[in-house]
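Just below sit the structures, each encoded as structure tokens.
You will see chain A twice below: alongside chain B first, and alongside chain C after that.
Now for the complex of A and B:
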């Protein structure tokens, strides 16, 4: 049996067992509504703590605590389990109390960001692998600056030789902002090629006003535009992969704090009849 | 390789002749020749003296080709080296590319010297407390070294030899001789031929017992001498037969069922052959052109369509399996140390009494050392004792044979052409899964005092990337020439590691690494101050590279840190592990 198949069976089997135990325990305790809520609430909190422990595991990569891939598999299953337990604990409605509402919203935000992240981590790597050269995120500003300098050199060279500013004018209007910073985040993320088409189309439209030397410069600019577009593509997708994790982890810590407060208040006032 | 007869191979050559062709501005330059860079400085007097000594005085100069005469071999492929009393000549475990002839003086050969005396790291793993403390005890400055530990073992010392080379010598020669059994070799005797020709680790350490003059012969010269002089060939072959062959054959799975007498008979009939170049690591990148150009540079060991005249065992190095396809050659797979070739055809012929030709061509990739067991010997000793099932099928025309890889053909060519097949623990990243989170880089940094030991970047084939991380090569060319033995293979686990305490920053290993996976780094103390040479003021450098987390529990941190199973440290010397990983 392959390693990954064995891991999936172990993780899925474990998750199913925990789910059965949690639902069974809740059913047994459901004779007393308060006891059931208390049990499902603490079970949910324990699950969220367990989910957040993955972040701690990432901070201690040198310890033999199992591979991160195994933790990741457990993390995604435990996340689904947490959603089920949340339904058992709070039902499908928005709670009445302000703290509970914040807590519920935080839970959904964490769960939602987790699901989005899972989808992103499945989809984006293939997109990145399929387009352009592999680039390190930290090197993107340097590569962008090099492309900008090359583009400026092309435009200046052509302008000096031809004494005409047709290409330079187009560069100043359309291309200087494009080469100056990362562009077209959402179009890249949605897979749209329209901004690239717009720039290349604009360059093609002025071609009939250019002499042969300027046309050579325009062709070189077109290849630099494509290279910059590839760089933006990588920047967009790598930033999305890093950004969602930042949101997910930040929300998780808030959820833990508010959840702990909610549990403590519940325990404090558990003997008080409404 | 070739040059006019009688020409002095070391004669100065014309400077680069700049004769630009009119149309494409090409440049005409002298073609690089074999002896452009001689091994050492040999004077005419030295050559005359050597030619008067055994074994050279007994060699027949007419057996040598005019392009590569005996005197030329001695002038360009050898050098005279002087060693003082106690100087270590070779270390046990070193990978050498040369053999030695004792011209005067004497040396001692001994095994089992402590690792510290050989400049090696003592193999150890960190404890749990030390591991847990890493995030807090790791240095804030990059490449911090503990000065108190940066010293040689007290039993050895370092000195500068006449040619500017560094020598490590034993402080207490009588003490070492008292504690370790040794063999004395005197003038006229040789050592190191088998390690040099087979590119295998030295099996013993050698140090000079007294002031000695040794003739060091690099492998190119040794191979030339062995090919031209029957006595030397017979001497080396006999020595290999006595010392290594029986063990090698016994350890070959195919021969495990043979009784000792059959093994002995096989050993007597086995022929040794070498193909390709030892210095492949310096030349393979120049062949980054058409596949057919690269294939033309790979000597054919056995050719498709020919009658199998023996069973070929790969003793060291790598070979590519190809098959004719249209007007070209299709790379089917590659094989390395321990693999065999031709068995399927031999079995098919023996069982069917027909003549099935070889189904694939076997080509030397870099340097290959093979053993050829003649067909008659295989039919006499091996095939009758072969279990009837499963019978290996001979590869038919047009189809892949049973040992062909499960890897896509472009991936095989990528791995072979870039010589990644040398890696026993290459870092392969599946870019279809990698989220570029850099958890691997951070984990590596935490495990190495804050300094990542690889770059998450490297050549790609499709969605697979081989990252710039030490591959812990089967043929570790980085280990050749280290003057202090600082870079070495861990005797217990096999990783190629560097002992910081004995690394002198000469960069020999970094220059030798064909994959640019060793960096020379400037070092600092714990306060972040750069450490400078007190004599020259130049920064002190140390070689740094991946050590496969040798001192950590649980294996390589990079692999364990990947959340998506996108990164693996994998043995590429065989195609199967990668094939299995890709099918996971």
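Now for the complex of A and C:
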């Protein structure tokens, strides 16, 4: 705990120091009639390269480059720092050039996805721990298949015993699609319980038409529906945890390439000597 | 309900880090072996049977359901084959592929952008300002354009030189601070630096000084340091603020009220172009309750008030009315300009020549006007005539020789004691005058052009204006032209001039011309016409019949203005030009008395310039002050006297700054304004924190130069 606190203080203090140096340096360069935009631009590019290096660090776990937790802490602080430097560099205005607009859009997409990802990594684990079983993302299809097989077994067993098709009809109509695949991504992400209530409500609505055996089967089905809904909840949140990286990592390289071109063009056409 | 039942024999081991997953995994039925590391399906059978004695036993693991009921086949093969699948890339591989393709697409798009036909449109950082919108080619400003990749290794990157190609008005030191000559700027900077003393500069500047980042005061500044192009708008907006000004201006400046130095003599650092005394003209000063005399605009009941001459317009700022608009209602042409300057009116008066002595000593001179014969007359040649004569180097030398002889009592009008060579020189001068008169009468403008070029007046001249020919589109001649006046003069005073010049050209002695007084016909007619023309403007015979005089047609007469401009430019290099300028520019005797109102200034080369127009008005010597009247008029409710307070009826007259005892004063910094200097405290009443802007750039512009129109 003490070590964690010391690391946090070091990381936050370092980030604050770099921020002060960046803002102060820009003010000094601007007051000195020097090309402050050039300095802030290359500082921003260096920051983005440093941020992208975190991805490489994860691919080289065998090298003694510090713990991933430290890198993550540095990554988040450097990301905030990059946003501040971006504001300083762009002067707080929307770029007017096509290439600059693309670059700004990429920066905001990468920054935005990073912020979203940071929030997701903080919020989702708590939500996952609060509901259902803890499952591996890769294991979810297997568990989903088991639940489907159990549900089908319940329905077939009841139908054979009672020779009535009410429960089987409901299963074929409402529950078979539900058990076949992950469902209700957005409702789960937003915390809505309406889809589950709809299914359980439908099951309760047909209960008056069921005999004693079928009611036992319906109760078993309700339990399986809740389990499948919990599984979908985990699938949704774990997919979100993994999915935001597709945007964040995917666009980072575009950002670096367009940023490099922007810097090269600036060097060639700025009209201000270094 | 429990979904998972973990255990060595109850659940399989998941490997999320593997690059490939079984194609059946999405259906919840992944095979036990899974794909190989290269993504190929390795499915075969659910188990590999084991032979125990003479029987084959199923080895399927308990997590897959345990040994199957049917067991292996008799030949030892598993009886439950696994359906082959198409392995799928793991999530991490898919993310890597997406990243790769996005990067590749970005590279492709960038390459297509840079080398496509519309590359310039894509890579330019924004639209050009309207001032530069016509520059369609990037290479017009950027040396790097065109071969931008190759030029990355060259040093010619700064486009400031290209800027100056189109903005030469910024001067030869455009890239120096304020565009001023470095030595001059350094001297003034040193004064300011000493005045500032030990001060506490803002922290960014102190850091810059400590780290060696402070700009070199003697260095150059690229245009792009301050001007941001490709931001649209009307012109590249300058990035200026108080802090950037203090990069060089070391005195700390937190605001106008606290740190601006007191005004020296604002706005009267220079006298105005027109010698206009507001006190004597307006005469509607009233005493304030405090005893201060102020100018009351529009309250006097007189027709003249500030708005009578000064008019504020959005396009041109504070417009100062011209002569026709502001002055002509009282200062009529005929009374005050047309007849003014009688002493200089005889622009082409012939010199008095001792004809009798010349004839008696064997130097035939032919006919010569009676009024121009010495020693009865002692009039010298008119300066303009002397200027035109000096175009011939031989004649100029003769004139100089005769001028030197004046110390010995020998003059053109009295050659009684002259030596033979002096008589020969006088004779040559006399014939040169007659040749000039004949040439001018034949073709005035061509003669003027040839003579001015020969006299060293370079450049193209408005010969028609100098000769006084009215513009071609003038429906009715407003003044008498030079040529008919000369023809009349020749007919009256040189009736045999053509024959005399021909005879002299052939080496014959010219016949003695008839006395003009005895002539009749054309000469008699000439005398009649001369009397009529004497009242009109333009060229006419002078009263003594010894040449031509000129009467200005009115304000802005092209003859007077043209000769003043022409000779003023050569004032320091040509004595003849200086004589003409002095004669024409005399405040009392000058033709039209132009300099009674129009200031004459002498520049560093010694040339003299008559300030014909009222704008630009006085500005700062360094040319960095800008002032717009419009917002101030609104703030003061159009009460000009809120800022411009009269000096009262005491003090030196305004005209004393322009001429003293009828001698021109050419230093524009000598001034006796009608109004008191404006104190900084008056500006500080509004320009303060929370009020009107109080930063440097509210009132100062970076590029020093001639004062712009003060709106």
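Note that the second predicted complex is superposed on the first by the 265 of 274 C-alpha atoms of A that agree within 3 Å, B and C clash if a C-alpha of one lies under 4 Å from a C-alpha of the other, contacts with A are read in each partner's own complex, and residues count from 1 in each chain.
Rule of thumb we're sticking to: a residue touches a chain if its C-beta (ideal position, glycine included) is under 8 Å from a C-beta of that chain, and two chains touch if they have at least 3 such contacts.
Not measured: the values here are computed from a predicted model.
When both complexes are superposed on chain A, chain B and chain C sit side by side without a clash.
Of the two partners chain B and chain C, it is C that touches the larger number of chain A residues. Of the two partner chains placed by the overlay, only chain C lies in contact with A:254; chain B stays clear of it.
With both structures placed on the common chain, the touch criterion links A:186 to neither chain B nor chain C. Of the two partner chains, chain B is the only one touched by A:125; chain C is not.
After overlaying the two complexes on the shared chain, residue contacts for A:137 are found with chain B and with chain C alike.
Residue contacts after overlaying the shared chain place A:245 against chain B and chain C alike. No C-alpha atom of chain B lies closer than 5 Å to one of chain C in the superposed arrangement.
Within chain A, the residues touched by chain B in the first complex and by chain C in the second are 136-137, 242, 245.
The residues of chain A lying in touch with chain C in their complex are 24, 27-35, 95-100, 132-133, 135-139, 141-147, 223-224, 226-227, 231, 242, 245-246, 249-254, 257-258, 261, 264-265, 267-273.
Looking at the complex, you find that chain A touches chain B at residues 2-4, 58-64, 67-69, 71-72, 121, 124-126, 128-130, 134, 136-137, 238, 241-242, 245. Those residues of chain B that touch chain A in the shared complex are 131-132, 134-135, 431-439, 442-443, 446-447, 456-457, 460, 463, 465, 549, 552-554, 557, 559-566, 580, 583-584.
Those residues of chain C that touch chain A in the complex are listed here as 1-4, 14, 16, 21, 25-30, 91, 95, 98-99, 102-103, 106-107, 110, 113-114, 121-127, 142, 144-145, 148, 151-152, 157-160, 202, 204-205, 207-208, 211, 213-215, 221-226, 230-232, 243-244, 246-247.
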